[in-house]
Each structure stands twice: as structure tokens, then as C-alpha cells.
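Pasting the structures in now, so scroll down.
Both of the next two complexes hold chain A, though its partner changes from chain B to chain C.
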Partner chain A sequence: MSGEAERRWHPVASQYDVVPRHVFWGRLLGRELAVWRADDGYVNVWENRCLHRGVRLSVGTNDGRELVCRYHGWRYASRTAGCTYIPAHPADAPARTICNRTFPALERYGLVWSGEEPDGEPPVLDALEPGGAFALRGVTVRAPAEMVVDALSRHRFSPTDLIGAAADGNGPGPGGPVTVTGQDRYHVVLRAESADGGSASTAVFFAQPADADRTVVRAVLAGRPAPDSRIPVWRHHNTALTQLRDAVEAEARRRPPPEPMVAAIEEVPIHLSEVPEPAPKGRRAGLRVQVARKWPVAEDVAGFELVSIAGQLPTFQPGAHIDVHLPNGLVRQYSLTNGPGELDRYRIGVKLEPDGGGGSRSLHENVRVGDVLAVSEPRNNFPLRRDAVRTVLVAGGIGITPLLAMAQALRHQGLDFELHVFARSEDHIAFAELIDGLGESVTRHIGLSPSETGAALESVLAGPGPHEHVYVCGPGPMLDAARRIAAAGGRTDDTVHFEYFANPTDIDDSTTFTVELARSALSLEVPAGATIMEVLRANGVEVSSSCETGACGTCRVAVLDGEPVHNDVYLNDTEKQQGGEMMVCVSRAGGDRLVLDI
Partner chain B sequence: MTVMATAEAETQVCTDPVIRNQWHAVADLDEIRRGELRTLLLGEPLRCWIDSGGAARAAAGPDREIEVRTDYGYLWATLGKPSGGVFDVPETREHDRRTLNALTVGIEVSAPRAVENFLDMAHFPYVHAGVLGEEPHTEVAEYRVEERDGELWAFDCLFYQPRAAAASSQAVLAEYVYRVPHPYSAMLYKSSPTDASRMDAIGIFIHPLTATRIRAHLFISVLDDVSADREIRRFQQGVIAQDKPILENQHPKLLPLDPRAETPIRADRSAIVYRRWLSRLGVTYGVIPAAEGVRT
Partner chain C sequence: MITLYDWELSANCYKVRLLMSILGLDHHAVPVDFYPGWEHKSAEFAKINPLGHIPVIDDDGYVLRDSHAILVYLAARYDKSGRWYPVDDPEVLGETASWLLFAEGTTNTASAARLYVNLGYDFDIDAVRAGAHRLFGVLDEHLWFREREGLDWVTSSPHPTIADLALFPDVALSEEGGVSREDYPALRRWTDRFRQIDGFTVMPGIFAPSRAAPPG
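So, the complex of A and B:
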């Protein structure tokens, strides 16, 4: 794919084909495109094919922020085309980067431009003023682009003034000379004059090579016709172009049909073609972001907006967090508060913890607008199921951050939820304006004592209905209380999801034991004072991690044999009893041997 | 950059011996009783009729009489030499069942894409909303797929369904068993709403006109003495009418057997096994075979 046609920009749609909440089916060089505008104005040009089972995305739904495939409801985010949700597996965050193919998109002269691998920019034509150009509707001609361009160089039409003045609006007007004032392989610039030379109009006719035998003519007038003459002008050009189309098609039918263009569909990466999903390894800061905004969002809480320095920020799912690598060498996790499809920036909230290790202080005191930070790709260990009939979100203090992302996703999808915000005072509610935007679904619980908090949780978590899920994030004591109350009220572990900020467990690391790695056939000694993770890494075995304190769940590993001692706060009690998984950053062996599935 | 070819020039005539040597359900017997049928089979012209002695006959190409069978209410024809009869459908021997062809529908898609759709539960809440599934109940629980005596079977398939059959009036967690006895045909069994101890059977028997155009026959064998034939037909017609536009918007129309052409998830286990099985059988018609040396 590197012919001249592939390296150019071509029009693929008119701006009025790309209307809100619609997906336009475009075609360029034999490739089908799904062209759609998100509610924030961003125009997406994607391969018109769902990565799952090949269904055209142009028959899917544009929900304003995401494109939803019609076959199995996979959701793809605006901008990145990254998959954010797979309904058949509601409990899984798509850990794999499933990303549809995107093509560059730009709007100019009332047209949407794209290309296979375009160089530079769409053409700039002196004849057209950026603000004054008036694009007409595309006309499809079943003929190769060069035949169409050739015919266009002899095309005739009347100056706009004359059409507007014609009584019935259909009359071609008195014919005057039409001259070619510019031309290349894919466009012709024509200037039409009236017979008396009193008026003249210029129009550019772009030929969009949809396929070898199909071309879309997209005409752009220099200068907008007066509002009352728009319909006659449109009719006049439509009639003229229809005549051109009929003549060119008749000629094309006399020639042998050209070979169809075959647009190559990219293969999916090898790890996506198989069902088991490897997680990204290590604790890596793969992204560089710049602080675009820093502002107080509540008492002792600073909000940060992080924008990409180069390229597009990766897709995230509600509940996801990023690792922020701080100038002082510390690494901290912060949940993204973004709503679906908001991929122009990441928004986090940082609570000042004066007694913490200095991570939040560094962000509060040293990091300024314009600073560059290293962050990890978003990782989701707190995935939101969307197959609940009702979802209850319970936030304590800064625990609002992941739940805010969830609430916006649920609200946008029209799913039933309630958000309970517990805070010391109104001034302690972070991102209050975003919470206000969630309307009726929010209940605020302000300034409650621990016993009042318990009572409020009792009523919030009372009487579980079928297909209900609860998500809790907040300080440790509140989480413990919520888990206890939910269990006492009859909610099962698999319907109550929680995220701790930190792991308060006192860890006894005086034991020594052996870990056997089933897949790599290694047997390693874990001495007192060292963690399994440290031993694995020292022996060259890669392990993903994020918090490294047993709170986030990134380093979880399947246990094939042996009994783990769980020191984490990520797994729930049922999962801990089953002993099928463990966090290698903090958990250890109960006996002298563990067999792990790595 | 490695790529998947998408050219789908309609193969005029099938040269794939595996598919030529199958029995294909080319017509509902009632259809040819009403008059001679002129159609295509695997890209060749096909003519089916009932002769004066009442026997069903078929001729392919310009005028080559070919072997036929009549089983389960359909005319089965072959362009090659099948090694045996049509796969067994034991339900047809249970006389308290209602057995009928619910409908025959033309679809612009390859036969294997249609079989995969028939095996797929994850699309119920989206394509058959309010009938075979309903948001937010979208989860596909883990299920088992096995190969038995040269056929594929999927067991323990559970799915939340608001109205699983013509005779059901309330939501159920429906249990399905799927069976693929033929590269271009599949069956499903699900708990009967009228007799919980037995299973209704539904089959899709595909008549491949070309590599990318089919007629699908929906075979029904149900324990339902409440619904009229008309209601059963209307229910199945409604379901297929929802699948048809999706199938016709799959690109490419041929089923790609290269594992890197599409992205499977755990819910697609039966499709993954089906694709591997087609590769192993050496099927090349209706599919884009994986390139030489690619592990499927």
C-alpha cells in the first residue's frame, strides 16, 4: 500500500453525511469505512468492520461517545477505536488491547478527508476560502476516477447568481464559457461565466476514488449562495452532474471492467487470535503526559488533567487506574474519573495525605501545569459489570474517583444505578460539578459519625434484589463495614466489589518456602524478608504489578498447588478460601511449597 | 504487513471434494410438490422435480441426473459420492413430536457464517432483544465443546431468555445443547417449555447456492401441542428476519479460518472449534482457508 493514491488525502464524506448519532458508510480505494462524529465534534474514520466477527460497524449505533456493534454489543471508544466492553463477559475488563483500525480524519471545505497513509495535509486550493466554501451532495459515478476527472474538465454549469435569479430554479441560465483553472489527478477547478461576462462562479470538483470502478464526485462552490437560492443551486448542479454521470457510465460500460481494488484487512495481533489473554507485564510507565490543568476540586484534593504529548491516549474502562511516576521516584495509583469516550485527556483527583509516603505531597506541592509526567497505560482491576438490573455505587471521600467513571458510563448507557457519596462536608466532595450532572441518581451523606455511617450503609445495602451489584471504594474502615453489612444482608461475595486505597495488613514475612513455576519449570526459594515478586524478578520472570502492596490486583497469579497465606485486600473472602489465585507482591505460602501457573 | 485477502469473486463451481461429497438439503419436499424448482447447488444449475411415479429427482448442470435422498421432509442432493446417508436425527422417530419445516429463507452469506450464527448465544440480547435475550442479561457462561464420532457438540450452554419459544410466556434460564453433524448444518436442543424432561430440537439445514449465497431451511421438532403451526412458523420467521441483515453485513462473506482474521472470546468456543474442524476436514468452499503452515 504505497501507491500515489494511497499517500494522498481524499474526501470520504460531506459534513452533512456525518450527522450526530449516525454512522456513515464510506468507501475509499476499495476499503469500506465507518465515518462517525462523536458528540464532542470529533470525526472518526475507521475500518468498517468489527474485530469480533466482521460485522460492518456502519450498521452499529453511534451513542455519541462510543460505537456499539450490532451483533454482540462490543463497544469501541471514539478517537482510539479501543474496545471498552464485551457484554458476553461482563466481569472481565478487556485486558487485551482490542483496537480497531483508524484512519486519519480532517475536515476542510465542508468535506471529511481521509486516506490510507496520507502524507502532509489535504489539498489547499486558492479558489476556495476555508469559511466560504459550500459543499454539494456527492454523486456516485460507476466509472474509474480518471474517466470522471477527464469528463469533469469538460463539465458545464452556470454561475450561482444566474441560477438564483432564474424563475423556476431549474433553468441552466444563459450559457457562458466555462474554463478549467486548475486540475490534477483527483480534482478539477472550473470557472463559469455568464454569456455577458457580468457574473462568474468558481467550483472545485473532487473525485473520490471509492473503488476501481466507482467514483464519488464531491463539488464545492467557492462562496455560499444566498439562503433562498440554495435549493435551486443544488438542483442545478445535481442535474448537470447527473447528465455527466449518465454519459460517463455509458462510456465506461463500453470498456472492459477494471480489476477491483483489494483493500487489505490487517490481521489481528497473534495474542488476540487465541482465547487465553496474557496481561501486560511489569510496572512500566509507557506514556508521557503533560499536566494541562491543576485545580482544587475539594478540601485537600487537587484535580489534574493530563494530556498526551504525542499520539492518542490509550482506551480506558470505568474503574481503571493509572500508575503515576512522580519526580521524587515514588509510584502512585490514581483512578481515572473520565466518562466514556473522553479520550482527549485523563482526569484524576489526588488527596493530600500528609502522613503518606510523600506521593500526594509531591503532586500537590511540586507538580505544575506544563510539567511532564510518566504514567502507565490504564489498567482495570475494578471492572464494572453492565449486566446488573441495578447497580449501587458507594463512595467514601476520595473513593469517589473510580465510581465517578462508573456512574457516568452507566448513566450514558441508560442503566439503572444509585451513587451514594459519603463525605465529611460539602466542601470535601471532589468533582462536585460532575456529581451534580448525575442528577437524581445521587444521594449525599454528609458529616456522619462512624455509627451514623453504619446505619446509612445498612439502609443503602438492605434487601438485595436479583441481579444487583454493589461497588464500594473508600477508606479501609468504611469498606470493612460495607462488606460486613452487605454479607449480613444476604449479598454474596461475587456481587459486592470493592477497591481499597491501601493495604493495612501487617505482613509476617519471616517464613521461607519454595515456589515452583509450572509453565517455566523453575523452582525458586523465597527467603524471609523477600516477596515472591522480588524473587521472580530477580530470576528474570516478568510479573505485572502496579501498587505492589496487595491492594490493586494487578499481580494476581493462579495457584495450582499449595496453600497461600493471603496478605492482600484485593480478593474477597470466597476467593481467598478457594485459594485459586494470589497476589505475589505480598502473599506468601502457608506450607513449604507453592505451585504457580507462570 | 501481513494481510487477509478479501476478494470474494463468487466461485462459480465448487471443486472442494469434501463439500461436493456431502448431502445438501436443497428443498423442502412440499416446495417441489408444488412444482419444479430451478435453483443452484454449489454454483451449478440444479433442477428438482417429482416424477410421474411420485419420486423426487434432481439434475445438475445442463442435464446430469444426480443422486438424491428424502429425509426429514427435505430433498437432499449431492454432486459427489457421499460415504453414507444423511446424518441421523433421532427425534424424527418420536411420534409425539411436531416436525415441520418452519421456513426457507435466502441469505446473502456463506454457509459457515450462517452455521456460526446458529451456534452463537452472545448475540441474543442484541439481535433478538426481547425474544431470545434481553439487556442487561448478556453474560455467556462457560460451556463445554466436544468432538464425538466426527460431530461437534456443545454442552451446558445456559442463557437468560425472556421468551425462548413460541409456547413460553416468561423469562427462563434456558439450557441449550448444540450439535454440528455436517459442515453446513447444525442442530440445537433446548428444554421444552411444555415438557421439562425432554428437549425441543431445531435444525438449520443449509442449501449452498454458491460460496456466498445460501437458502437456510429451519427444521423444527417440538413437543408443543398448544401453538399452531402458523405460530411456530411466525416465531422462527421473526427470529431469522433479525439475523438476516446482520449476516448480510458480515465482511468478508466467506468464513475466515485463519485464527488471526477475527477476535474470538471465550463465548466463541464453539465457533473456534467449528473453524478448526472445518480446517481439519479440509473444507475450502464457503471459507477463506488459512494459509499453508498456519496453525488453526
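So, the complex of A and C:
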């Protein structure tokens, strides 16, 4: 369907329209647009309809990092338009595939440019200096673009110098010839001279085809007028363009109305409307990222900033992690520490584990700025609820990383939270400057012995308030202590959330049993020494996975019958007792048979 | 205590509630069954306002009708800052009066279109919508130039006045009457700013401001 108009870049807004915390309501070729600037300066051009129920996103809230739909509060990240939170499902991480439609955007000549499927570059006009252009007030004309462009080719205005003189009360200087120095279907370049030829100004008049019968004239003057003559210049051009508008509209009313433009609304993608297929190949590294920065963020902790090599990084939610596929063949999980809407890069923190399996050592010693890494798309098995009255975040050591993302989201949204940072010393606090930015909500617990840590946790987790949720990430012994203390203090499993770095469980894999796969109609024997996951994969049944050690929760499946031996640290005690889910990477059968919903 | 003869869905009654909320004034509302009961046209209500209009206030025995008159009275009497109706600033006062008259125009057009759609009033709907668009176009252009002057509100005062307040409901509710604000970006930004005023309150059809952390 794409004709020339669809393949071009068009102006869709002026710099004056994309002010902080506002959503501009625009239109191009019959398609409504929601245009908004995030606090980091990024300008988003999105289809003006929430994919959930079709409500205009222009009545939503630009919170500086995300756009929040007015209807049901779904939150969409700047840059990707990916959904990061659904208030009606507070305990769930929205699927990464829930994403509004975006259009390319860039700023030039004081205007925001976009297009349906633009190829090439937006216009570069010799008449206009990118930094010296002066955008005028956009004027909407109820007429087709071709009529407007035709009228603009005969448009008249005064050179800027003469308008400046008018500001002194001397009246406008005598107008001279106006010549067309450039023109195509959607713009006209005009040069106005004074009668005596002493001064001249060039202006470019872009005709934005908002709809078949509606065109926005977005004009840009070459050169910025002196500050004290800007308002007279704006007024002069506004008056002239308003007269042009009235004349063109009068003419348009005499003609039969044009056929309206119909913007194609894309079908809901198949992956949103149907049950997804299992991931085809175990652990996938769908992204290639480049190390843009590597720097020490604490004692033995290196920070890495990862930028996309091609295309936009996918949406993440607070608590999400990525798998990093290392040069030495190992795969490790690292939490994203970014705040909401920070999608120009991923930021992770890597603690050096000298006695570990070599993953962190590889990142610390071998990976350098400029290196390319394969990483998975972000996965969130540690989702943050935002319906809690208060949220308590407890971080031990490098466990700060997912909680840092959570704390930034809570702070930005104005929700009540406290962050407790446990570290061996001040020098062991990773990302200290980000933590400082969280202000009063942070309490530091430095250099505590195990018993002192226990006492501090007793006080932090004492007396649960109503609708309070706790998130804990840190070393295993600290998590075990927190689990015990929270339970003893009357907190229920569903209000205390843990993320383990690793699974310390000693797994007995000497058992042999049968797994029956209800959906696949397969019955497989799991021998001693093999995991269910290995057996599934050997038989062509694919399951998603990430850590493959029973810590992350990615490979959990529903258990239809049989008694699982869990062996994981992802499910809480209540969930384990219910026996409704298990991790195929470490869980085994208590009896001789399990029926799984795969 | 101020008594307000009130109907929740009335834009003019909302103006009075809005100013009282911003000024922190308590009031007692007496609901008038405007629709479908037409109580404001009853013989009983004629004793309060023979014109058969709401809102009307009764401030300890001082009875006043007409929303804009009530805004003038309440601001002059109760606004300690003196900014909502600046009696000591002739220019801003003159502009305020001018825009209050303009707001009568939006009531007769944008608000009339809303009554046509919501309550089945018999208006020439094309004419009232066209009239609303003409006024919104004037207001949008005015506010665009105000922004360029570094000013946020309709008068030359750096602070909002009762003129902004009187204009806000008809503008913010216009889509109910089928009057789109798509072509009025400066007007849309002004409604965003207005909703951030301390003490702002809502009515059905008007959204609350968000509570995200402030920019910066």
C-alpha cells in the first residue's frame, strides 16, 4: 500500500509541542499519533491507541520514562512501547511481546519528523542550518496538502529585518518580491526580499498531510531573529498563514470532499492471540550487544553497559535478568539495574567470584569495551508488584542489582518503599551513586557479623504492615535467614519474594522415574544421573531455560499428577507443598511417575 | 458555611466547586435534580433563583447566582493571595473580565454541544460545534503566544485567574459534545498545566493529574 507519501519523512509536531510530561496528539496520513518526549530527551512517536482496549494514548500520562494508559493503567516504556506493568495483574510480569506500534522519530529544524515506512533520510535543505532554524507556529488548514502547497507557492511575507523594524513602532517596511526557490509535493521554499533589495529572508513551508482534508503548515525560518523581535516575527507569519488558511479553506469548501485516508490498523500479532509455541532451542541468545562501558562499581564488582548493535533493545521490567553467553562458553544470569524507560543500554553489575565456575572471571578479565556479547532477551521471574501499600527491599552484597531496578521504578512512580543495603563495607556497595540518588528511602547496614545481620533483619522485617511486600536478594545464608525471620514474624509466603544467585541444594539424582507429557502425548524414562530437561531435549521436546540450576524459575512447568521432589530455590514453601509446578532442570519425581503439562 | 445548589454533571457548578477546593473552602452541597427531574425549573427553586439556573450559593444569608459572578465573589472575598481575582491590578482585571465573557461563549457552544449529546437538548449541533471550534482556535492561538512570552495562563498574570478556571471545564469536557481538541495543541498543554494546580479537583469526565515524580 505504501506510496510516495508513506515512504517519506514528514513533520508531525513542532518542538513546542513535545514539552516535558505531555503527550501531543498528532496525525499523519490519516493515522493518529501520540508523540511524547521522555525526560532523557528521547522523542517517541507511537500509534495513538493502546493495544489493550484501543483508548487514545494521548489522554494518558507521560511520567517522564513511561506512558501510562488512562483506561487500565498499562505502562509502556519509552523507546520500545513495550508493556512493563499491568495493574490488574500485579503479581505477573507482562509478556515482552505486548507492545504498542511505534514509528521512527527524529528532530530536525525545530520539528519532529516521522513517517509510515520512511526510507532514506528526512529532507536536508540547503536553505536551513540545522541549528539556526526558527520554527513558526503550526497552522492547521482544512484542505488537502496539494491545495495548500499550491497556495504556499504564492504566499507572501516580509523579510525578518523589516518585521523587526515593525517592533520598533515604525510599521512594516515596504514588501518586495517573494520568489519560489524550491518546491516539491510537500514543501515550498520561499525567499522574500525588501522593496529596496536591502534585506531578504528564506523560509521553508512544510505541508504535513495529516489527513485527506487536513494539512498542517509547519514553517521554518532560516536564521534566528534577535530575541526582542521573535514575537513580532511569529505574529507576522502567523497572521500571513492564517490568511492563507482562510482563503484555502474557502476554496476547499467549494470542492467535493476528498476520500478520507484510512490508516491500516495492524492485526494483533499471532503471538498475542494464541498460546505460544515452546522456545525452539533451549537457551537462546537472541541479542548481540556491545560493551560500551566497563568500570569498577565496588570492590570486586565491575559494571558493564551494553548497547545494541542493531535495532532497539527489548523492553525489560524491574527484577528482570538477561543470560550472558560468555567467550569461554559459560552462560550466566545478571539482573538489569536500569530504571524505567532506560532502554538506550542495559546496565549490569558482575561480582568477581574467584572460586566460581569462571563466568565472572571471564567478564572481569577477558571482556573489554568494544567486545560483542550474545545475550538473551530480558526475562522476569522476580516481578515487582506495585499494588503494595509499602514495599521493603533487602539487598545483600551484589544482590542489590535487581532491587536497584525496583527501587528506581518505585521512586519514580511515587510509591512508598524502603531499601536496605547490606554490605561488608562502604566500598562493597555497588552502584553507590545510584543508591545515593534514592535519598531517604535507603538504609545502609555496613560490616555486620552474621548474628548482627540476623538482628538487623529481625528489625527490618518485624511486624508486617497491611499489604506490605518484601523482596530479598543476596547470598544464600542471608536469604535463608530472611525467609525464617519473615515467616516467624507472621509474613505469608505470597508477600515475601526471593531471588537466589545460585541453588545450594545437594541434589540426589540417583532416582529413576517416568515422565508423561500430557500435551506432547509422550512417555519418557528419566534415568539416574540425567535431568528431566536433558531427557526432554534429547527427545525433541523444547523448554525455555536460563540458569538450569533451579534458581531462576524460567523452566517451570505445571504438574498434573505425581509428587515432585523440587530441589529448587525459586518456588516458596507454599508453592512446593501445593506441588502444582516444578523446575524441569532440577526437580525429580518422588514416586515412579510424573505427569507434566507440556 | 457556604451552601451550593449543585448538580454534579454541570460544568458551571463544577467551576464553583473547583474554586472552593483550590481556596480550601468548605461547603455544603444541596443537590438539584437538573436531569431528568428539571428541579431547577420548579416553582420551589424559583424562590432561590427566578431565572431557573444553577449554580447558586448562599454564604450565610448572602445569596448569589451565576457561576462567573460567584467566582468573582468567592475569589475577592476568600482568596488571601489576591491572585485569582487581582482587584489591585487593573490590566489583569480587565483581561479577566474579557475572558470571562469569552467563557460565556464556550458555554453557549462547547457546553451546548455537550447538552445536545448527553441530555438531548435541541440545539443546531453543527452551528454550536462550529462556534466552539472558532473559539478554541482563538484561545489556542492566544495561549501559543502566551507560552512564547513565558506565560502559562490566559491573562498577562504569571498566576492563573478565575478566567482560566471559568474556561477550563468547557474545554476539558468538549470531547463529550463531539468537539475534538486535536487541532489545539496549546489548549491541550494549558489543560495539562491547569490540572497541576494545588487543590485541583475532578468531576465525571475530567481526569485527575498523575502523581509521578516531578521532572528533573
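Heads up, the rule we're going with is that the second predicted complex is superposed on the first by the 582 of 598 C-alpha atoms of A that agree within 3 Å, B and C clash if a C-alpha of one lies under 4 Å from a C-alpha of the other, contacts with A are read in each partner's own complex, and residues count from 1 in each chain.
By our rule, a contact is a pair of C-beta atoms (placed from the backbone, for glycine too) under 8 Å apart; a residue touches a chain by one contact, two chains touch by 3 or more.
Quick caveat, the model's predicted, so the values are computed rather than measured.
> Which partner does A:D17 reach: the first (chain B), the second (chain C), both, or neither?
It touches chain C, and chain B stays clear.
> For A:V262, decide between first (touching chain B), second (touching chain C), both and neither.
After superposition on chain A, A:V262 lies in contact with chain B alone.
> Give one of first, second, both or neither to describe whether A:V59 is in contact with chain B, with chain C, with both, or with none.
Touch partners of A:V59: chain B and chain C.
> Tell me the contact category for A:R70 with respect to chain B and chain C: first, second, both or neither.
In the superposition, A:R70 contacts both chain B and chain C.
> In the superposed arrangement, does A:H237 touch chain B (first), chain C (second), both or neither?
neither
> Which holds for A:H497: it touches chain B only (first), chain C only (second), both, or neither?
After superposing on A, A:H497 lies clear of both chain B and chain C.
> Let me test your reading of the model: by the given contact rule, A:D39 touches which partner, first (chain B), second (chain C), both or neither?
second
> Given the touch rule stated above, what does A:H412 touch, chain B (first), chain C (second), both, or neither?
Only chain C is touched by A:H412; chain B is not.
> Could you say whether A:H89 touches chain B, chain C, both of them, or neither, answering first, second, both or neither?
The first partner, chain B, only.
> Counting residues of chain A touched by each partner, does chain B or chain C come out ahead?
B
> Once the two structures are superposed, pull the chain A residues common to the chain B and chain C interfaces.
Dual-contact residues (chain A): 32, 59, 70.
> Please name which positions on chain C make contact with chain A in the complex.
Of all residues in chain C, those touching chain A are 141, 144-145, 147-149, 181-183, 185, 188-189, 192, 207, 210-213, 215-216.
> Under the touch definition given earlier, write down the residues of chain A that touch chain C in their complex.
So the residues of chain A in touch with chain C come to 13, 16-17, 19-22, 24-25, 27, 32, 39, 59, 61, 63-64, 68, 70, 137-138, 140, 230-231, 234-235, 238, 242, 411-414.
> Report the residues of chain A in contact with chain B in the complex, numbered from low to high.
Its residues touching chain B are 1, 32, 48-49, 51-56, 59, 70-73, 86-91, 98, 260, 262-270, 272-275, 386-389, 415, 467.
> For a test of understanding, state which residues of chain B touch chain A in their complex under the given definition.
So the residues of chain B in touch with chain A come to 1-7, 116, 120, 122-123, 125-127, 135-140, 245-246, 249-252, 256, 258-269, 272.
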